[in-house]
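Following are the structures in question.
Presented sequentially are two complexes of chain A, the first with chain B as partner and the second with chain C.
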Partner chain A sequence: MKRRDGRYIFVAPAIVLLSLVTIYPAIYVFILSLRRKMLIFHISRFTGLDNYIFLLKDDRFWNALWNTVYFTAVSVSLEMLLGLGIALLLNRPFAAKGMVRAAVLVPWAIPTVVSARMWEWIFNSDFGILNYLLGMKINWLGNPSWALHAAIFADVWKTTPFVAILLMAGLQVIPRELGQAARIDGAGAWGVFRHVTLPLLKPVILVALIFRTLDAFRVFDVVYVLTGGGPANSTETLSVYAYKVLFQTLQFGYGSALSVVVFLCVGGISILYIKLLSGIRA
Partner chain B sequence: MIILLCLLIFPGCSDRETSEKAHGTVLVFKHGKIAGDPGPLRRLLARFERENPGIEVSDETLPASSDAQHQFYVINLEAGSADFDVMGLDVIWVPEFARAGWLRETDRLMPQKERDDFFPGPVEAVTYRGKAWAVPWYIDAGVLYYRKDLLDRYGFKPPGTWQELVFESQYVTAMEKGLYGFVWQGKQYEGLVCNVLEFLRSNGGGVLSNGRVVIDSPANRFALGFMRDLIVKYRVTPPLVTTADEESTRHIFGNGRALFMRNWPYAWNIFTVENSQVRGRVGVAPLPAFPGGRSSPTLGGWQLGINRCSRHPEAAERFVRFMTSPSSQKYLALTIGYKPTRKSLYRDHELLARQPFIAGLYGILMNARSRPVTPYYMMMTQVLQPEFSAALTGVRKPAEALGSVARQTGHIMGIEQ
Partner chain C sequence: MRKTLFYSVLLLVVGYCCGPYLWQLITSLKPDGELTALPPVFPERVTFSHYVSIFRESRFFRIILNSAAVASVTTVLSIVIGSLAAFGLAKLNLRRKGVILGFVLSVSMFPPIATVCPLYLVIRALGLRDTWWGLVLTYTTFSLPLSIWTLTGFFARIPDEIYLAARVDGCSPFQALCRIMLPVAAPGVFTAAILVFIFAWNEFLFALTLTSTTASRTVPVAIALFPGLHEIPWGDIAAASVVVTVPLLALVFLFQRRIVEGLTAGAVKG
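Right, the complex of A and B next:
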């Protein structure tokens, strides 16, 4: 019994810290989401699920949700495909390997706000280098059908290296002998990849997927800097919308309800992935 | 975000004592970062300290972005912070902050006789429920920049109506290669609201009238549709304006690539420096209007307000009076180009001699109109921005966008019921 008690004492600091910085704010936001709270007008009263009912009828919310889902699905798919390709390339022996690996990481090392500002200039339809190279006048950030794709592009550029490095680490723990044995048994390059590398890499791929999906779903900075949510809200994601409602219009109740929805979505995605992951392990 | 939220739990002024010097008062002055040399402002503060022994001013800057400053003030004022006494306020915040009870009333600082010396726009913007809640510090308004050399070459005068502007743009851009006609700020942000209001109001329209929502009117529909037509029908405005802010249009015009530009007066100084490509070839005129309407530049600029929780209200009042005095405003106009909010300074010989540009601004500033003066403004602009953007990019027809604005602003105005 004594030893058991001791264990709790040792984990207590961690639990207290977690409660303070994570659990308490999360619960507080949930409580706020059940209130109508507007600082300016000194309104603060319990309204139950009113905020959530309003949310269901709020076109802007559905638009933001769709933008977020689209952004997440497309950017994460591209990042995984490109990241896997780069990881496979980097995993082969070649000259100046260390240099190339370090260079690949550069986009990931640049703060998102800085890289987003850089992309804002690259995408500039008047003097941006992208249109110069293409010899066209595409209004990347000002056209509602292009803008979200431009944001996805900037995000893929930044986070593909992260995926690549993660997957490369996974590739390196796969024993080379397995591939060689498969080749002796008559498997081609594709066969080795499909039946040896990919199954062994699956857990790492899922970990990369979890990280990237959760990050992409909460995307804020790249969009906020590139377009601020425009034009015509075509790039407004849930986090950007929640930020505007919370900190620009100061509607804390409704803004908290939006945050809770982001939290629930992210939680749902996590649970799904963890189920998948434990399925693989078992 | 969540952690920021938690800072907002405790209202009321905090009684926490700051480390104060035993022999005097430390006045904290919060304001946005000044673009350029902070030296002149520092010297002005030093003068205040010399003239007011016993008061020390601590000059604390916030990020230049208006949104970032708004967020800082809201969080700290709601928490009852007494860590700063005087603050720089964007022209659109005053009714909101006053409604929330965060500001100390400043009627005493603007007695009627003096009030008449201020431009009417900023006075309206700082007045809420019949009282003044801040003192106008410097002023801004939308103006039309034009290429004097090009208009002269084709025998045109600066346009008085939007239709003339279209005609002149079409004519000159047909003759000059690689020249845009008219650039303005059409990105989905606060600047877009300023631009659109100038079109709506110069057609006799607007957003609110006597507290009622009047946005969905034929005049407004026409004006908003006209803005879209500038891009797609008349083709005098490049599609890139739907992502343009002040600086990107200033670059285009400054590189000699546009005939007309709508912008704030700050750009003038940049066009007059030695290595500017358009030096000596730029003119400034009032924004055009629609036939029968009048030029309606949107008002910008900053005011000085006093924190209601300030522990040194008398010193703070003295400081605001000093900073908004004719001599301080003149000094800042001469050194960092802040446009004075007092009309009398536009007849000041020294100022006119050294900055002839401001003589032409007087009439424009007299007509400057504030964005809807209401504590709901920050909510309202979040509705206006995407809807205006949707109309400009063709996602919605002007009538649909304005109808949607009317519904949503109606909902916002009813929030207190």
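Right, the complex of A and C next:
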């Protein structure tokens, strides 16, 4: 590096730390995924693509992949709809706006683990407030067809505020005159929303979609604490399955292969969205 | 009429957001006998026995101390390293600015599960497993994208003339950062610090993997692994949940405007 580039000293600590603690492990995980590695038995040998071939035949992997895709699709759609609704609501002028905004931020600030424990108690089939309010006796977390939906519900509650806050910021930069002009031209409330607000909001919606999709696809905390992946693996997502293989059965090689798949999926999703986003901006 | 409808919907939204937490608060104040009975929804006899029970355990203090220490040290380190980088990116005309910002952003998209196993091996090899420093190193790095992006935005908003004036007056770039830029951008720096602190206080996957005893176990891990021999102690869990969330709620209600600003800084302008 040339002498005058002493300027790069300022970014150097960050780059070094990021490289050592994120890039290096990211490369290491690819290498681990080509090995059979079990710490307790001191086994560590190169096995090529064996882990990946095993993975293709592993029903539990396909189940986890499907759960992850379903979880992501349903929870992100619900969050976007609810988030947009809340953003439109809060964008109007009203008293005590600061307090309401803070109240909406509460789920965002609560640790995911705490919120999962909260929902575990709410969903409790015998003493839960939800069954009491509904007057039903549904085994939310113990029934394989309900459990994933319960996890989705808990996730939607926790992450809708983030979407709402982001979209609200997007709404605030849309000049009010645009809506008023459309009104004068005879557009109804729906028409204004459909033809003025929504198109202008599109870039922010896409940014919220990117953040939320990537986050939902990596989901771990809420599922691990709420159901542990059960019952009968009906809520086991890729991250939860990979974690169990890594740290409960201690198969670092196969667990790494599963992690690499999560990595590749997340990479694929990012590229797709970035293409979409640059398409909109152009 | 329209107004009534508007405020009802607003109330519904607030109830939806705060209801579950309030239910946890109510649960924490109910005597054990009332926990397994509905109705009554509200406790007929308010008790603080669950709070007494969790605070009687010395472990609970230690775990809160772990979280507070790890989150505070992480916040300081992340802001210091992040400010240096953000200053370089915002004011020093680095030629590879776009590349560096893109690199930082793509790192933030790494799934934690993909790095947790190698990181576990590295931290173990360094002898940092089950220590505060193992977590601090991890959290500082993983929060860097957040602090760099927010701080770059805040620094870029300061007019170049202010920075150049400091340089003309004989400040080195580093002095200009410390004496001029940081004080001017103080509100933004504070915002970034809140976001990093909340991230570090709430993180679960790395904490679960890199800690194994009370020596370094943090709040989320303790709540997730709350001991229950035969039955789950719902009242104690509720009390612990309320206690560990109080600092976060205080931050949210005191600084909601700043938090919103920080969360949306990058997203709206692109």
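Just so it is clear, the second predicted complex is superposed on the first by the 268 of 282 C-alpha atoms of A that agree within 3 Å, B and C clash if a C-alpha of one lies under 4 Å from a C-alpha of the other, contacts with A are read in each partner's own complex, and residues count from 1 in each chain.
Operating definition for what follows: a residue touches a chain if its C-beta (ideal position, glycine included) is under 8 Å from a C-beta of that chain, and two chains touch if they have at least 3 such contacts.
Keep in mind that what you see is a predicted model, and the values were worked out from it rather than measured.
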**OP:** Applying the touch criterion given at the start, work out whether A:V192 contacts chain B, chain C, both or neither, answering first, second, both or neither.
**Re:** neither
**OP:** Kindly classify A:A103 by the partners it touches after superposition: chain B alone (first), chain C alone (second), both, or neither?
**Re:** second
Original post:
Who contacts more of chain A, chain B or chain C?
Top reply: C
Subject >> Partner chain(s) touched by A:L141 [first = chain B, second = chain C, both, neither] >> reply: first
Original post:
Which partner does A:V29 contact after superposing on A: first (chain B), second (chain C), both, neither?
Top reply: both
**OP:** Scan A:V113 for contacts with chain B and chain C and give back first, second, both or neither.
**Re:** second
**OP:** Considering only the touch criterion stated at the top, classify A:A242 as touching first (chain B), second (chain C), both, or neither.
**Re:** both
Original post:
Of the partners chain B and chain C, which touch A:G230 in the superposed model: first, second, both, neither?
Top reply: first
**OP:** Figure out whether A:L65 sits in contact with chain B (first) or chain C (second), or with both, or with neither.
**Re:** neither
**OP:** Considering only the touch criterion stated at the top, classify A:M38 as touching first (chain B), second (chain C), both, or neither.
**Re:** first
Original post:
Between chain B and chain C, which residues of chain A are contacted by each of them?
Top reply: 21, 24-26, 28-29, 32, 124, 126-127, 242-243, 246-247, 252, 256, 259
Subject >> Touching residues (chain side chain B, partner chain A) in the complex >> reply: 1-6, 8, 67, 70-71, 74, 78, 96, 99-101, 186-189, 238-244, 248, 251-252, 257, 375, 378-379, 382, 385-386, 389-390, 392-393, 395-396, 415-416
Subject >> List of chain C residues in touch with chain A within their complex >> reply: 6-7, 9-10, 13-14, 16-18, 20-21, 23-24, 27, 35-39, 41, 81-82, 84-85, 87-89, 92-94, 100, 103-104, 106-107, 109-122, 137-138, 140-142, 144-145, 148, 173, 177, 198, 201-202, 204-205, 209, 219-221, 223-224, 226, 234, 237-238, 241, 244-245, 248-249, 251-253, 256-257, 259-260, 263-264, 267-268, 270
**OP:** Going by the contact rule at the top, pick out the chain A residues touching chain B in the complex.
**Re:** 21, 24-26, 28-29, 32, 38-43, 60, 124-127, 139-144, 147, 227-234, 236, 242-252, 256, 259
Subject >> chain C partner contacts - residues on chain A that touch it in the complex >> reply: 7-11, 13-15, 17-18, 20-26, 28-29, 32, 86, 89, 92, 94, 98-119, 121-122, 124, 126-127, 129, 132, 157, 161-162, 165-166, 168-170, 173, 203-204, 207-208, 211, 214, 217-218, 220-221, 224-225, 238-239, 242-243, 246-247, 252, 255-256, 259-260, 262-263, 266-267, 270, 281
